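Two complexes, one shared chain (subunit A), two partners (subunit B, subunit C).
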Partner chain A sequence: MKAYIARRLLSIIPTLLIVGSIVFFVMRMASGDPATAMLGASATAESIARLRAQLGLDRPLVVQYLDFLLDALRGDFGNSYATGRPVAEQIFAAFPDTLELVFWGMLIGTLIGVPTGIIAAVRPNSIFDYASRVVALLGLSMPPFYLGILLLLLFAVKLGWFPVISTPQPGFFGRLHAVFLPALSLGLVQASFIMRSVRSSLLEVLQEDYIRTAHAKGVPPARVHYWHALRNALIPVITVFGLYLGTLLAGTVLTETVFNRPGMGRLLVGAIQQRDYPLIQGGLMIYAAVIVVVNTAVDILYGLVDPTIRYD
Partner chain B sequence: MAAETQRSTSNGMSSPTPGGSGGTVSSTGRSTDSGTGRSFVDTLSAMWNSRWMRRFRRDRMAVGGVIFVALLIFVAVFAPWLAPYDPAEQHIIYRLRGPSEMFRLGTDEFGRDVLSRLIYGSRASLVVGLASVFLAGVLGTIIGGISGYLGGRVDQVISSITNILMSFPSLLLGLMVVVALGPGTTNVVIAVALSLLPNFIRLARGPVLALRQKEFIQACRAIGASETRIILRHIIPNILGPISVMSTLWIATAIRTEASLSFLGLGVQPPTPSWGNMIRSGVNNILSNPWLAVFSGLAITVTVLAFNVIGDGLRDALDPKQRP
Partner chain C sequence: MLTSKLRAVRGAAVLLAAVLLLAGLSVVGNGVAMAQTRHVLRVGSGVADVGTLDPHFATNFGEYPIVKAIFNGLVDLPAGTVDIERIEPDLAERWTISEDGRVLTFYLRRGVQWHHGYGEFTSEDVVFSFERVADPAVGSPWRSEVANIKEVRALDRYTVQIELHEPDPFALLRLVGYHSGFIVSKKAVTELGDAHRFNPIGTGPFAFVEYNPRRNVVLKANDQYYKGAPKLAGIEFRFMPDTATRELALRTREVDTADGDSEQIWVDRMRSQGIVVDLVGPGNGYFIQYNMTKPPFDNLKVRQALSYAVNRDEIVQYLGPSIARPLRSPVPAGYFGHTTEGIETYEYNPQRARQLLAEAGYPNGFEFEIYISEATSYLPFAQLLQEQWRRIGVTMRLNVIDHASYHARIREDVNGVIFYNATRLPIADVYLSQFYHSDAIVGKPTAITNFSHLGDVVDNIDALIEQARSELNPDRQKELYAEAQRRIMAAAAAMPYAQRYSAVARQPYVDLGYELVGPNQFDNLFEHYIYNEKTSIQR
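Then we have the complex of A and B:
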């Protein structure tokens, strides 16, 4: 078991290395030259060359690549072209806001999605099952930002209960007030995904022989559903949780834009529009690192809760 | 093949197929020698009468989805005849108006008719959705097929990279590619295709792995067929069915990703109308004309819903074991 965990943890390193390489080379394929982009079209060839040397863009690609990897390992992603400040510093400043949004979004999604999925599976083809499936299908067909727009229109523009621009205010309740609508819009979409996986996983487990045995020997139905079945049904759900967390994280890019909320997503989109390559690279690497770590954690958790999994 | 189809026809469709559990290849009812010696029409009619197709045709929601998509394609093709105005025509006096007699769904910030732009915008969504899935499907089938067929080192490398990429949300992958290539319709097609590619590689690899062991492939090898010929003539035709069916589900994702990229200003570029960039201008003018964002978002939602419903229906029809 320990060896399994250790191996999973160690596998983070090559994974991040591969991801880092992809990010680096994709960025270098980029169509525009950052030096030209920074100085504008009227710049002379000389000043462009000078800036390229200053940014280290005139060195051989392999040297730049190794440099990037070594620096990234130390948490150094260079300085932003636009502001001149260290990329790590800017990401560090923006990350808590995004993390807050992800946390509440996932919480709302889980609190709504898991119970709904359970009820739908226990009473298949009931009105509740049918209604929740239709709503879930609608939820996952909506682009994540569209639900945000609708909530914004209803609760902020029409009713005025929430700010149109969700800048976090000081204090716990100030933050909660600002995060509520964005988190709800992410959470409801998330709930649709979670509901569907919980439902289908539980439905499958309920058809197992040991469930029939439990019913046959007179175990109360509630105990069969919530004790025997649910524990096993949630195991595969854990795996998709990792995937959903990644989707949620990507969704923050859109949600932050809709709600004008500061965070990683806004930082990344702004960097893309300004061709601020170090900032784009750093931002993508952080997203990648979070996703890789979450997936590894999910893998380990999976090994812990599922006794039938083999560790070799 | 023919015998099996006949049997299923006389059987009716009430009995669940025991073959359904044996993976997607067998559950389509296609036996291993299909696709080579028969005409396209034969294949189509066999598909139409196959067990899963009959199950699919009973699924009212899925059939509704098919009808909607057919309508949408009609709208996209005949946009010039259906749109009341030129989508680029600016009516400066009527900027950002709500729905009225004159402009059924209102106007945008340049006074352009929203209904006409939605009609023309269906082209961008459909083109990006279909083209990117097609591109990803072709590339993914080839890469996944080669990976599964060759096995060994090649398979290991391809699979591990695919696994890593699978854990990334398609929006993030699409974003990365669009950053590299720059915005624009063609680049969005490429970006969305690459973001879907890992799914298709995995989808193709599994069945190939199983097919490789089959007797008829060994027989091909024994009579001296080249590896290329085996892959192209015998392996690929056999995995095409499940892949093309699953593609429908990915069209929904593709349209959503296109809308998201365009919404961020990185997708289809104005003045070409796309539902995503219309939502973008709707959000920028949300206080003066909220209808703009509402209608364009609705168009995306309903279209994605239609493809999702079709995809769900196909999956249920192909794998009756999953059905409650």
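Then we have the complex of A and C:
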């Protein structure tokens, strides 16, 4: 088990280098130039060329790439072109806000999605089942930022319960107050995904022979559903949790813009518009690291939920 | 059948939701607690972040109003106007201009203090500032604006002399607190080095307090300000790139002013909710340039045909009548030197367009493809012209790319038709030099934004632009500018079609401290509100 975890964690390094390399070349293949973006439309070609030289962008691509690789191996993402500040510093300043949003979004999604999925599966084709499926379909079709604007209109403008600007405020409750609406808009969409996974997975398990056997030998239905069935149904659900993290992180990009939170999503969008190569590379590598770590954690969780799984 | 465990799960969820909700409610209203006589003004700035607060590097749309509140120039425009006839003293109390127009002597205000204890403002700072902008090693994007300055000399602690290469009737305008004209502290810039980028030290009504990336910039009142202590306690510029969020935050009074959306429907909606919307200019000029090196646009008749097929009224209708008006000259209306007199303006005439196309050898029209930015100030205009040109049989296929890529592609000279819009210092010289002088042709080391190749392949108006630049007689100067505009349109190098103002909005309780001149005049150079020592919140 320990060897397995160590192996998985070590695999982060090549994964990150591959992600970094892809980002490096894709950004340079896309036209657009950091120096032009920084100097504005009135700058002459000469001053743009001078800035490109200062940034080292006039060197051969291979040299730039090797430089990037060596620095990345040392854990140095360089300085942002646009602000001149270290990329690592900017990412670490922005990341907690995004993690906070993702955490609460996932929690709200789980708290709504899992119970709804269970009830829908235990009572298939009931009114509750149909209703929850229709709502889930709405949730799946609705982009989180649009839902965000609707939530803002209701809770911030009409009712005045929450601020429009969800920038984190000092103190635990200040943070919670600010994160609630953005997390709800992410969480509601997330709940639709989770609800559908839980429902279909549980429905399948409930058809199994051992469930019929459990019913036949007189185990109370609640124990059958929530002990025997749910535990087994959760295995595929845990897998998709890891996968949903990517969707959730992607969702934060627009959610942070609509709710005006200064997190990673906004940092990266700005960086891409400005062609701030070091910041884009660093940011996306961190995202990749988080996704790898979480998926490793998910694999480990399998073992806990399903004792038949062994890690060698 | 709901079991007890399920109830427990549901109960926990409901409980958590209730806790979250109560937590939220308990802190509602915190924002109101800071009621004082002097308020902090909260500005909803339409940018995601700023890249610098150093005035000699600030180019981003959101950086100007912040820099303007912190720094001063030697001279300034009267607040709320771009009235170039009424330039006012600022850090300079008065000035004299030599008879040949080449030497300007400024007598500086005494006792002006730099923020945060950086000492007294003196002539040394003025010399340092202009030398800094002009130094190629420093790399200020505004270097070309001081190209005409030969030397800046400190005659004594409070007197500065600026010598020009050529006489320039707009020398004072180029020295106002705008881009290259801002004066920085020699001591602060030298001591802080790179850190000055986010620790700006100015002399203005507001001093820098803090910058939080992607969140805000906080300024506090400079009570020692030489024009008097500000009426506001400070200003918080909040970065809010999303228009819908800015609108909602303005409605809930989480911000007091906000950058708006320059669309009629937005302006009407905000006004119907009791919010004041001001339209500020000088206004963005919208135009296309034809790349005269690329067939079929190398054919004058083709360019004329396309220009005659542009229906300006339809475009203005799309933008909204109070936001925009038709533009008929290469220099936008309101800029010194603008004229439409004696100019071929290519009024909408589809019959003439078809006839010219036939004469050019394209009786059935033709097809071409261009790159176009996805930005809302580009794509919709390309789509409008696409439809208008379709009516004369010309098909323009649009290859939509992101904004940064678009700017890179058009500088690589790939488009046959280039869509552009720009606001510049409101004198004809800047527009003409950047868009129509042959030095500015893309591909050259001196390139700026001449995409038509006017000057190399068709006509050349360089001499006119240069002569006008140093012509001290305003009437003669206007004649030279008019001639330049006539020749650009005669060559059909460009087709100007619209001019659009920027919408900015505020709660009625915000008193700017000056009057914004109506939308048919110049309002301010910044396309934002400018906040000064007289700005206040009347609540």
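To be clear about the criterion, the second predicted complex is superposed on the first by the 285 of 312 C-alpha atoms of A that agree within 3 Å, B and C clash if a C-alpha of one lies under 4 Å from a C-alpha of the other, contacts with A are read in each partner's own complex, and residues count from 1 in each chain.
In this text, a residue touches a chain if its C-beta (ideal position, glycine included) is under 8 Å from a C-beta of that chain, and two chains touch if they have at least 3 such contacts.
Keep in mind the model is a prediction, meaning the values are calculated, not measured.
J.: Taking the superposition as given, does A:225 touch the first partner, subunit B, the second, subunit C, both, or neither?
T.: Only subunit C is touched by A:225; subunit B is not.
J.: Look at A:70 in the shared chain and tell me whether it touches subunit B only, subunit C only, both, or neither; answer first, second, both or neither.
T.: neither
J.: Who does A:269 touch here: subunit B (first), subunit C (second), both, or neither?
T.: Once the two structures are laid over each other on A, A:269 reaches both partners.
J.: Touch check for A:287: first (subunit B), second (subunit C), both, or neither?
T.: The first partner, subunit B, only.
J.: Please determine whether it is subunit B or subunit C that touches the greater number of subunit A residues.
T.: C
J.: Classify the contacts of A:242 with the two partner chains as first (subunit B alone), second (subunit C alone), both, or neither.
T.: first
J.: Would you check which partner chain A:152 touches, where first means subunit B only, second means subunit C only, and both and neither mean what they say?
T.: both
J.: Pick one for A:17: touches subunit B only (first), subunit C only (second), both, or neither.
T.: Neither partner.
J.: Output check: A:180 vs subunit B and subunit C. Expected answer is one of first, second, both, neither. What do you get?
T.: second
J.: Mind working out whether A:131 is in touch with subunit B, subunit C, both or neither, as first, second, both or neither?
T.: A:131 sits against neither subunit B nor subunit C.
J.: For subunit A, what residues appear in both contact lists, the one with subunit B and the one with subunit C?
T.: In subunit A, residues 30-32, 149, 152-153, 157, 164, 257-258, 269, 273 are touched by subunit B and also by subunit C.
J.: Mind listing the subunit C positions that touch subunit A in their complex?
T.: Residues in contact with subunit A: 1-6, 9-10, 12-13, 16-17, 20-21, 23-28, 30-31, 48-49, 51-52, 59-60, 136, 139, 141-144, 194, 197-198, 212-216, 238-242, 244-245, 248-249, 251-252, 254-255, 401-405, 407-409, 411-412, 422, 424, 434, 440, 442-449.
J.: Touching residues of subunit A toward subunit B in the complex: what are they?
T.: 15, 18-19, 22-23, 26-27, 29-32, 124-125, 137-138, 140-146, 149-150, 152-153, 157, 164, 200, 203-204, 242-243, 246-247, 249-251, 253-254, 257-258, 268-269, 272-273, 280, 284, 287-288, 291-292, 295
J.: Under the definition above, what is the set of subunit A residues touching subunit C in their complex?
T.: Result: residues 30-33, 36-47, 49-51, 54, 82-85, 90, 93-94, 111-112, 114-115, 118-119, 122-123, 149, 152-153, 156-157, 160-165, 167, 169, 173-174, 176-177, 180, 221-222, 225-226, 257-260, 262-263, 266-267, 269-270, 273-275 of subunit A touch subunit C.
J.: Using the touch rule from the top, collect the residues of subunit B that touch subunit A in their complex.
T.: Within the complex, subunit B contacts subunit A at residues 160-161, 164, 167-169, 171-172, 175-177, 179-182, 252, 256, 259-260, 263-266, 279, 282-283, 286-287, 290, 293-294, 297, 300-302, 304-305, 308-309, 312, 322, 324.
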